[in-house]
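Chain naming follows the written order as A, B, C and D, and within any one chain the residues start at number 1.
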Amino acid sequence: MTDISLRKARQIIKATLAKGREMDLKPLSVVVLDAGGHVKAFEREDGASPGRFAIAQGKAYGAVMLGMPGSAQMARAEQQAYFMAAANGVFGGQVVPVPGGVLLKDKKGDVLGAIGVTGDTSDNDAEAALAGADAAGLVGEA
Amino acid sequence: MTDISLRKARQIIKATLAKGREMDLKPLSVVVLDAGGHVKAFEREDGASPGRFAIAQGKAYGAVMLGMPGSAQMARAEQQAYFMAAANGVFGGQVVPVPGGVLLKDKKGDVLGAIGVTGDTSDNDAEAALAGADAAGLVGEA
Amino acid sequence: MTDISLRKARQIIKATLAKGREMDLKPLSVVVLDAGGHVKAFEREDGASPGRFAIAQGKAYGAVMLGMPGSAQMARAEQQAYFMAAANGVFGGQVVPVPGGVLLKDKKGDVLGAIGVTGDTSDNDAEAALAGADAAGLVGEA
Amino acid sequence: MTDISLRKARQIIKATLAKGREMDLKPLSVVVLDAGGHVKAFEREDGASPGRFAIAQGKAYGAVMLGMPGSAQMARAEQQAYFMAAANGVFGGQVVPVPGGVLLKDKKGDVLGAIGVTGDTSDNDAEAALAGADAAGLVGEA
């Protein structure tokens, strides 16, 4: 496991926000977590509501800790609501199981961390995050 | 109450992981809890996501504390979601009610502890755990 | 209440990290919170330990919530340890009462948010934070 | 950051326990955490009290999250009790700031994780942990 560098985290956030402006999304908040689920960098655009850090972190944290992107977590939550509720119990309520939590992998498939994006629809959040991963030369799994 | 020995816990983990390799499962994490629900031994295979200790522990903890293996907890969660939610309230959010939580009993039927396995599908996790119980000369109840 | 803009938060983080490099400090982590105590932006330099977000946030959060910079919180902790312990009770354990938590004020004296810096000695952390406030044209109170 | 492998974690635990037997210590419990503070492997010897997982984890967790071994955390706690209390607040009460929490570094000085040992005196716990690090070809910082 190699961790994400601050340089790459900055590239990801910059490109994710640029994608949001290009798609004309609502103000976005973007977090990048390392491979241990710890915050590397975060930015919240002006006009976003104050609680967005926690939502962004929750999307990315679940992705890292479970090794499942937001879409897979959402599918599991829809099939077995009690499983995701239980996962949230063991992870201290920090998991937000919807799209916008995107795993960051290198070319070999090793997980380097995750992006969490929130502010627009979950699907738009995920699309912006993928642009961020791409700009940093990483593989995003949404 | 007789507890599981460290020697048996090691046998269980070794055989569970060997079964996972034989079945070609994803990287597994295996915890053995004693009859009081406390961690005796744990191993997480390389490549497993970082949050797997908490999931494994949650599967085994619910089994010991409720005296019900994962499959029975899942059935209860599907019939009465609010009961398992309430159980998680009293147990501090530490219960993960799906297969992979396996009660460990001796030949007389006394509970010595539990195994918790996570990493592949819940049913495959449980199958690997049963191989672990068997290797230690114990009766696994999945 | 006027909040800190993302543009200013970026200026603060950039200048704080530059000051840290100029002073030859250990890798720093810098958070900027808004006037409501909510995360606006954060960066953790490569080589910093993984738990630094929580420490940086705790320094800045106490500053905003109590309206007291880190040095004043530390003085209070040394005089009345039970007061800061109680403050942590009501604020969910999120207050780290040492230098490195710096209030951000405009020229009129209104609080716009706070900076939290961690990684080197508390006094060096605070000095770097003040350079960050200055670069953004704001008044830092350490 | 490169993580500790399961193979190395097993070497560490085996050698730590062997050192404890050689020194005639009370039953030990040994955890190995990865560079993100997540449990990789754990064993609790027969006769150890049931709560030893949490103590071992707390010693190692503080070491990883703060980048400080147990002895440095203890020194800080003795100088500034309120700082370590506050650190425990932001880390959810998971930090046990005494010797027995040992950072694991490679030859270049990068942190790969930490060992947490508990069961005898804190200094003896730390001595056994250092033997574990050594056996795995890693540098232990106690």
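Rule of thumb we're sticking to: a contact is a pair of C-beta atoms (placed from the backbone, for glycine too) under 8 Å apart; a residue touches a chain by one contact, two chains touch by 3 or more.
Every value quoted in this text rests on a predicted model; they were computed, and no experiment measured them.
Undergrad: For chain B and chain D, let me know how many angstrom lie between their CA-based centres, rounded off.
TA: Whole-Å distance between the two chain centres: 25.
Undergrad: Between chain B and chain C, tell me the centre distance in angstrom, where each centre is the average of that chain's C-alpha atoms.
TA: Here the centre of chain C sits 43 Å away from the centre of chain B.
Undergrad: Return the distance between the CA-based centres of chain C and chain D, expressed in whole Å.
TA: Going by mean C-alpha positions, chain C sits 30 Å from chain D.
Undergrad: Chain A: which residues touch two or more other chains?
TA: Only 34-38, 92 qualify.
Undergrad: Could you classify the connectivity of these chains, where an edge means two chains touch, as line, ring, star, complete or other?
TA: other
Undergrad: For this structure, give each pair of chains that are touching.
TA: Every pair of chains meeting the touch criterion: A-B, A-C, A-D, B-D, C-D.
Undergrad: Can you check the complex and tell me which residues of chain B touch chain D?
TA: Contact set of chain B toward chain D: 3, 5-6, 9-10, 34, 36, 38-46, 50-51, 53.
Undergrad: For a test of understanding, state which residues of chain A touch chain D in their complex under the given definition.
TA: 1-3, 34-38, 92
Undergrad: For a test of understanding, state which residues of chain D touch chain C in their complex under the given definition.
TA: Residues of chain D touching chain C: 35-37, 64-68, 80-83, 85-93, 111.
Undergrad: Quick one: which bits of chain B touch chain A in the complex? Just the residue numbers, please.
TA: Checking each residue of chain B against chain A gives 48-51, 54-55, 57-58, 77-78, 81, 84-85, 88, 92-98.
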